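The structure appears below as structure tokens.
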Amino acid sequence: MGVVLDKLPGLLEKIPGGGILVAPIDAVINWARLSSLWPLAFGTKCCAIEMLMATGGPHQDLSRFGVEVVRPSPRQADLMVVAGAIVKKTALRMRLLYEQMAEPRYVIATGSCAISGGPFMYNSYTIVRGVDQIVPVDVYVPGCPPRPEAFFWGLLMLQKMIRQGESIRRPGIRRKPVLAALPAGVTVQDIQERMRAPLEEQNVVDVAGAAAEKPWAKKVRQWVKKH
Amino acid sequence: MGEETLIPRVLAAEPSAKVRDDAGGPSVEVAPDRLFGLMQCLRDRPDLAFDMLMAHTAVDWLEQGRFELVYILYSTVHGHGLTVCASVPRDKPVAPTLSGLWPIAHWQEREVFDLMGVLYDGHPDLRRVFLEDDWQGYPLRKDYQDSDMLELPQ
Amino acid sequence: MMSYFFVLLCVPLAALLVFGGLAMSRMLAPHHPGDLKNSAYECGEVPIGQAWSQFTIGYYLVGLLFLVFDVDVALLYPWAIAFRQAGWTGFVEAGLFLAVLAVGLLYAWKKGALEWV
Amino acid sequence: MSVQITTLEELTSPSRAASSSLSIQEYFLNMGPQHPIAHGSLRLLLVLDGEIVREVIPVPGFVHRGIEKMCEHLTCRQIVHLTDRMDYLSALSNNWCLSRTVERAAGIETNERIETVRTIVAELQRVQSHALWWGVLGMDLGALTPFLYAFRDREIISTAFEETIGARLTMNYIQPGGLMFDIHPGFVARVKEVLAHMRPILDEYDALLSGNVILQERLRNVGVLPAEKALAMGCTGPVLRGSGVALDLRKAEPYGVYEKAAFDVVVGTVGDCVRMEEMRQSLGIVEQLIDSIPAGPHMTVKPAAKIKLPAGMHYGQIETPRGILGTLIVSDGKSDKPWRVHFRTPNYNNLWAVTAIAPGCKIADIIAIQASLDLVIPDIDR
């Protein structure tokens, strides 16, 4: 976090009752971030037509969620929408683009190719089976290609995660809401209380740490140095 | 120009060519060293006038130890097509380049080199076109081993 | 003298606007520089060769011409505001000023500085 | 003559820069995989002298999933879903090409109803694909409104497809031996709605972009591809017809029910208005055929039937919105999985025309050339 925001939680803790101030600051910062997500146009295949273009079109209007400013350059983007299959040759470039984006950066993997290699899982010598081998992914949107409405559901999930999951006390630590989308008929009470705490706890992701131990992290460094 | 008058004229141009019947359209088999001569006259003779190299690929016959190079030609003037095949041994797969006759052959041959490993004699810029330059092996060969590739469980 | 008070008022406001924005982002935005993050962005590729290379003289010429005519427009602003009070003498002076610049433009045009090589 | 294998490193290494005619000012610039004009991931390595492009080195392969290797492990019917993912803007034509090749090889008969529905659906998708080309041509050259117009019309056609085919983009509808499902009872009415909507819209397209002076200035004699150069570079489809060669497989080798529909092949002299006129021709075809869909079964071969191809090479080609797509299936006759499958894709051959056109033009012209070539990258890499 910035110079002030790093020290702010510590200062507020010292002041008696200052801790209450952290929550409104969180709320304001998270609200500002989630309502102005600028996606990076990184579409490789058919999902690009559905996710980045059709949703941007007049019928399924992406700008209802404030996400319509599609930036080609990673410097001005904070949401990387991975639309399409990623092969070994693209994985290096994609990891470099992810590194060149400024924090806080979010990743939505759309389409079964990005999630798990999809139709190209077997007998393909270049496919990377799942984008989460390259970058830490926040929301997975299944489908081949997913319908624009499915992409909006993923977007809302991400916005819910930003609203609830981040705090200036622990910058870069993202708590993914486990109970984001409970299947129909299952209520919170059904999941016993002792089940819920570990689920919430286990789903805390340190984004920087998660990004560092991805297999492709080292390969990108060697590739950049080699050139 | 019907098929029946096309094949005799092609054979007249290249007596060492053998007719093949297992391909859909008219097709001819020729030895690699005669290939360039046949292609040259197929393109230049006005009554054949194959001005378009529609497709070029290679088939890996592992047991017979040969690569079968397939050239599919098309003539926009007469509207007829021809398939020319040539076989090169698997251990020394060198074939003459046709990029002098049709510039598109330059890149079609690069693709066949990239995926099948057939070398082209006299090719100006023989480089891998899809895979990284330091990729080991040629993926479309039948005996290509890759630990990363998942086999479909039968 | 009073009219200069507004100028004095305008300067700090402008400074506040500019440096305020910068200070806010310095204070609030996360700041984690890294070697890969600072590397040059070229469509996801690693740039080939050095960025420090000689490029054509055309860019320099265009930059120079723009500078001249930009200053020219900047000088016309005060005249445009006080257009009515300046009356005819002001109009003639501005005309002369523009005429001198027009000669410069014609010269550049004839010399072919405007054609992009 | 020697066989010499080079790599991109050597091509761009400083030694090459010093020794060749590359004067000091020339440098390499990556119009790389992640670029708005790439419509996917295609890297154009430009050799620049100031703003003049000396040479373009396209580097595809960023979406190469090895479809031809996968086809060797799949039966003919399973390959159809892979053809959708090559050129996803003309998925139906791709399916049709593979299905037609398999049907001719295995001797499967299809009836009049199947062929008529195939022709109608493929022509509708041609209009949809050219609409996207028109919208993205405007977007690439800076005008953002055509993008919104184009995608509004694509949605209208997509709803017609969705009702019958169930999918918006990757159709998997035309199978060897017929169609996956029969057409929806409301299909004819829906297509008539689309036709009624699209006819005036095309004039609106013309009014919006074609008359625009800036666009004409950006496109006039930029990237001129003479006829014999286009033929030598193996270009097909609107790119070739734009250069004046009247090669259209729907006329040259009629398939489906194209003989029944009267339409003319649109040939430009040098310009690129070919696709606009082709949209009108395609609408004309659909108008003539929509009322005469004969009755009959929608599938002549039981879905579970194993299709075994006789030994030998089977080649079939079809006219997709971007050019001639050829499918070469080599079968050894023993198993129902093909021995080798090769797709002659239109985009792979149209891509290299940029190396012939580009030397000497400016960087902004490269964007105009790429937009007019209308490339789909997964079709290049397969």
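First chain written, first letter: the chains are A, B, C and D, and each begins at residue 1.
The definition used in the following text is that a contact is a pair of C-beta atoms (placed from the backbone, for glycine too) under 8 Å apart; a residue touches a chain by one contact, two chains touch by 3 or more.
Since this is a predicted model, take the numbers as computed values, not measurements.
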Weigh A-B against B-D on C-beta contact pairs and write down the one with more. B-D
Can you name the chain that lies farthest from subunit C, using the mean of each chain's Cα atoms as its centre? B
Which chain, with its centre taken as the mean C-alpha position, is closest to the global C-alpha centre? D
Approximately how many whole Å separate the CA-defined centres of subunit A and subunit B? 47
Give, as an integer number of Å, the spacing between the C-alpha centres of subunit D and subunit B. 23
Mean-CA-position distance for subunit C and subunit B (Å): 59
Between subunit A and subunit C, tell me the centre distance in angstrom, where each centre is the average of that chain's C-alpha atoms. 39
Check each residue of subunit B and list the ones that touch at least two other chains. 131-132, 139, 152
Identify all positions of subunit D at which a residue touches two or more other chains, and write them in rising order. 32-35, 61, 64, 66, 69, 73
Give the residues of subunit C that touch two or more other chains, as numbers and ranges in rising order. 44-45, 48
Graph of touching chains, which shape: line, ring, star, complete, other? other
Touching pairs of chains, all of them, please. A-B, A-C, A-D, B-D, C-D
Per the contact definition, I'd like the list of subunit D residues that touch subunit C in the complex. 12, 14, 17, 24-25, 27-35, 43, 45, 49-51
Where on subunit A does subunit B make contact in their complex? 88-89, 121-126, 129
For the subunit B and subunit D complex, residues of the former touching the latter: 22-25, 27, 51-55, 57, 59-60, 70, 72, 76, 79, 83, 85, 94, 102-104, 106-108, 111, 113, 115, 119-123, 125-134, 139-140, 152
Partner subunit C, residues of subunit A touching it in the complex: 1-5, 29, 73-75, 93-94, 96-97, 99-100, 102-104, 171-172, 208, 220-221, 223-224, 227
Interface with subunit A, subunit D side, in the complex: residues 32-36, 39-41, 61-67, 69-70, 72-73, 81-82, 84-85, 88-89, 132, 147-148, 151-152, 154-155, 168-170, 377-378
